[in-house]
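So that you can tell them apart, the chains are marked A, B and C in the order they are listed, and the count of residues begins at 1 in each.
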Amino acid sequence: MADQLVLDLTQALEDIPLIDPHSHIDPLNPVSRSLDDILGYHYYTELAHSAGMSQAPLAKDVPGRERVRAILQHIERFDNTLQYSWFAEIVKSFLGMTEDQISADNSDRLYDRAEKIFAQSDWEEQVFKKSNLEAIFLTNEFDDPLEDFDTSRYVPCLRTDALVFRLQEREIQIRLARATGVEVHDGPSLKRAIRKLFEQFLSKNAKACAISLPPNFSPKADAEALSPAGIFWVIAEHCREYKLPFDLMIGVNRQVYRNGVYQGQDLFDQRVSLLQYAELFNAFPQVTFPISVLCSNSNQELVSHAWIFPNVVTNGHWWYSNIPAYIHSDLKSRLQAVPKTKQIAYYSDAYKLEFVLPKFGMYRRVLANVLAEDFVRSRGWSENQAVELGKRLLRDNVREIFKI
Amino acid sequence: MADQLVLDLTQALEDIPLIDPHSHIDPLNPVSRSLDDILGYHYYTELAHSAGMSQAPLAKDVPGRERVRAILQHIERFDNTLQYSWFAEIVKSFLGMTEDQISADNSDRLYDRAEKIFAQSDWEEQVFKKSNLEAIFLTNEFDDPLEDFDTSRYVPCLRTDALVFRLQEREIQIRLARATGVEVHDGPSLKRAIRKLFEQFLSKNAKACAISLPPNFSPKADAEALSPAGIFWVIAEHCREYKLPFDLMIGVNRQVYRNGVYQGQDLFDQRVSLLQYAELFNAFPQVTFPISVLCSNSNQELVSHAWIFPNVVTNGHWWYSNIPAYIHSDLKSRLQAVPKTKQIAYYSDAYKLEFVLPKFGMYRRVLANVLAEDFVRSRGWSENQAVELGKRLLRDNVREIFKI
Amino acid sequence: MADQLVLDLTQALEDIPLIDPHSHIDPLNPVSRSLDDILGYHYYTELAHSAGMSQAPLAKDVPGRERVRAILQHIERFDNTLQYSWFAEIVKSFLGMTEDQISADNSDRLYDRAEKIFAQSDWEEQVFKKSNLEAIFLTNEFDDPLEDFDTSRYVPCLRTDALVFRLQEREIQIRLARATGVEVHDGPSLKRAIRKLFEQFLSKNAKACAISLPPNFSPKADAEALSPAGIFWVIAEHCREYKLPFDLMIGVNRQVYRNGVYQGQDLFDQRVSLLQYAELFNAFPQVTFPISVLCSNSNQELVSHAWIFPNVVTNGHWWYSNIPAYIHSDLKSRLQAVPKTKQIAYYSDAYKLEFVLPKFGMYRRVLANVLAEDFVRSRGWSENQAVELGKRLLRDNVREIFKI
């Protein structure tokens, strides 16, 4: 029943130390302190809510132990999902418990066990080691001081969503002025402020700039200076000047489900095209754009753009496309048509380090399957060659593209 | 060559009594009386026509026996299709004949044999039993009297296409007035008429409201009272009040091939988004919307909406997506990312009861494959657990969502 | 590890003599003369450029031997791609060398070996024979004299892109006047010119008319006479009159990457629908339209249109969809839902005959897999029946649809 080749490849891929190129880890608080940090991840709160849980247990004043019980009371309704299987793998790998111990009845035992394990003074180190994790990228607000952590392990990345889409808000203007000393009121002052941010981030070892974009966004060279498209263009110019890759995460509509749980309100519109970015890709041949798409329907456009444009790179399997069904088909076409040096395998998108292990675990199993099917079996590659290809995607490209 | 696990799962799934949640069965005439009723199904007339058959044999005055011969004369041209394989399974299961007996030369023998078998006084019972069918939903016009049949076996469902899209036609206005005693001329009179319809349908055990929608439709709260969007909104309000699920079948363009055969003229535009329904889903959190999409390209949006919105449920594999190639990929992603309580497996869409068996048969084989691959083999589930998941989709959810 | 059934089917499919229904072969210069003709194919120049090669080696004055070395210096960066594997198969099948001899270090040896082999006086015959190729369609500009070659082996096809999209250019007007003796300045003169072209092409055994179309194109009966849509309509009228199939290749955006290599600048927009062609398909029931789509997202629309419209035929796997990942899924749905008489398997799109072998080889392996999975194993067909289905797609349909 087990496919020995796939198992062998999976194991060989597990031996490759990971550099996770995108996450939402707080470097001052990188690991979970309780099961509430695990099950409070939006994947679980939104699936529990979608399956019938009210929002009451998610209120701030509800004790974590009770919130965990409420989610576990609904978890049987979505134990078919891959998101659930990440949790099961955390329970198994980090808590040393079996999947059948996951139940509302067992809630306190799970909670207590997690509390005890997570309280170990070297827990962060243990997670790094168990996950074979070497370094992980952050997603930092523009005014993050980036202090008090090891930036070679927790690699800063300048997130620019607020600058591009919310600069008309007074709060953002104040924060930007405080961070840069520049009051932005026109194109030139905007450039001064953004230059300041880039210099601050680069002085702290930042390796990328990143943004998430709605489906109807289209960057233009001649956009108004302080419009989203105009601000975006200025950021791209600074990526060129400072030689920073610009991660584009394309396709998210915010707050579609208005009464959704925190971080569980966003969806997408499949009617988006990378053609909207043609002007950008043409204008900045010196900037590398690692591209994530939210909807698997965009994957063929991504494959074809990375095949044609030297500066377009495929980047991971994002959010709603981050399940084996989509990873498998998206990965197959990338491996068949995009130069292997232009593909970033995967990122965890994690808020807590414990999720790196199950998420990369899922990805590696899919990758091992595709390598077995399409390279070892169909094209006669050796296992070693296949693992080398996996290593290139998982590690070498991250190092080369982000200059680590 | 045979995969024993898949065969075992298929057999276990066959033991689950079916409640078919969508069909076009006429409860006063539910089974076929001749092979013409079988091969007159639009799938066969349109495929024969597409493969070169003129429309002449489809004229009303052509005897059924001759129409069947004409279709059989063309059937070899589409014996590769899945639609053909439904017919082959009917021939085998109900007529006790083999696939190689399907030919124009053998037309009379097939026709005679079917006539004899279908004439048995208990044929309807035999089909129910052989199909392991317990109940089947109808699709009733708003002025259907819903009389003279067992509504626990043939479950009424209020179809609202004519109300929403054709109320400007005098014929519909007259039929509506006759059915409800209300002359509709403005918003309030519309609401009175619709309330009357809901009460009539509910008094006859109706379990759902349903509509098929074109790709460019987008429901709005503030639409004009008697516009399609306005009428649709009023129906949704009544679904809320009367606690009826509202089946949305999204994406069909009517009469695209103007000279096509009856019911073989409709196609679709893949450029449609469930974002068009965001306002509806937000406005009616108390209404359950079982959603069918016509094009598999919409499946990831459906998966993601069902994952986020508590009131969105995935519903079957509709029409142009009702072939194993699309069922397989659509089902995989649903099972990986949508809570299992929010998925309605399948419906037959049948016009005659004999089609329930081959269509559900096709679905169960795909389901068994996915359960084997993604749950038993990849996640270590037991066969029992896998079958339980199948039962939840095939039966439990139909009962819970439609309150049967 | 090898699947004997798939291997047997592949071998049986290889025995079917090919008629390749679309290529860019120059019949006066059909085979390669050096490795530069092979690696100068835009797939290799664009992938090398995308992977980091400058455009310098592609300049006209660079000797072929140096260009080949430059591409081989970058080939390791895309040796994962299917396009690379075509090259590896050419090296193996035609040069008698192994894949591991492909390297920049070995560049001169490869170049010399190719030069020697390609110089054989019967090389063209050898390629035809080794590829089991019987005839191949060309893509001829409207003013091609179509002389000095065997038109039963190299079948002319009237390419109409320039007529439809560039007739406003003086150069095209002059060439058209020279070819037809007609100065086009209005609808009637356009029709006279086009009639002349059709008569010239038909006198030279032309078997099809063809055009590639951008995603936003939509033919209309009432378009202005000399607009693209108007010219297109007139060509369709002549296809009707002269009973020529009209190959539509739908979805390409030209010159998206402005600094791309020659023929490596085009991309697409997945937001296209065959609904844009409904008026055309309705207006010309007598014209057969073999349809190619550039993006696999369009495949389900293609399947459904070929299922409904008698005059719509599926045609091959084009360009960005011409990799096993997309061929496999697109082919499965076509075989499950389109009459087998309405599917043209594949075309090479080759510029040099040596590419027919590896490209059809790739296709046949995918076809053998689908036949094994979906027909022999799932539906109990015999191997012979499966091979007959393959033959119908690969050969019989090409002969019947193009009347060869």
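Heads up, the rule we're going with is that a residue touches a chain if its C-beta (ideal position, glycine included) is under 8 Å from a C-beta of that chain, and two chains touch if they have at least 3 such contacts.
Everything quoted here is computed from the prediction, not taken from an experiment.
Student: Examine which chains touch each other and state the graph shape they make (line, ring, star, complete, other).
Tutor: It is complete, because no pair of chains fails to touch.
Student: Is the contact between copies subunit A and subunit B built from the same residues on both sides or from different ones, judged by whether over half of the numbers are shared?
Tutor: Mostly different residues form this interface, as fewer than half of the numbers used are common to both chains.
Student: Per the centroid of Cα atoms for each chain, what is the distance between subunit A and subunit B, given in Å?
Tutor: Result: the chain centres lie 39 Å from each other.
Student: For subunit B, write out the residues touching at least two other chains, lowest number first.
Tutor: Touching at least two other chains: 271, 297, 329.
Student: Tell me, which parts of subunit C touch subunit A in their complex?
Tutor: For subunit C paired with subunit A, touching residues are 1, 46-47, 49-52, 77-83, 85, 253, 256-260, 264-265, 267-271, 295-297, 320-321, 323-326, 329, 365.
Student: So in the complex, which bits of subunit B are touching subunit A?
Tutor: Listed in rising order, the residues of subunit B that touch subunit A are 5, 271-275, 278, 281-282, 285, 297-298, 300-301, 303-310, 329, 332-333, 335-342, 374-375, 377-379, 389.
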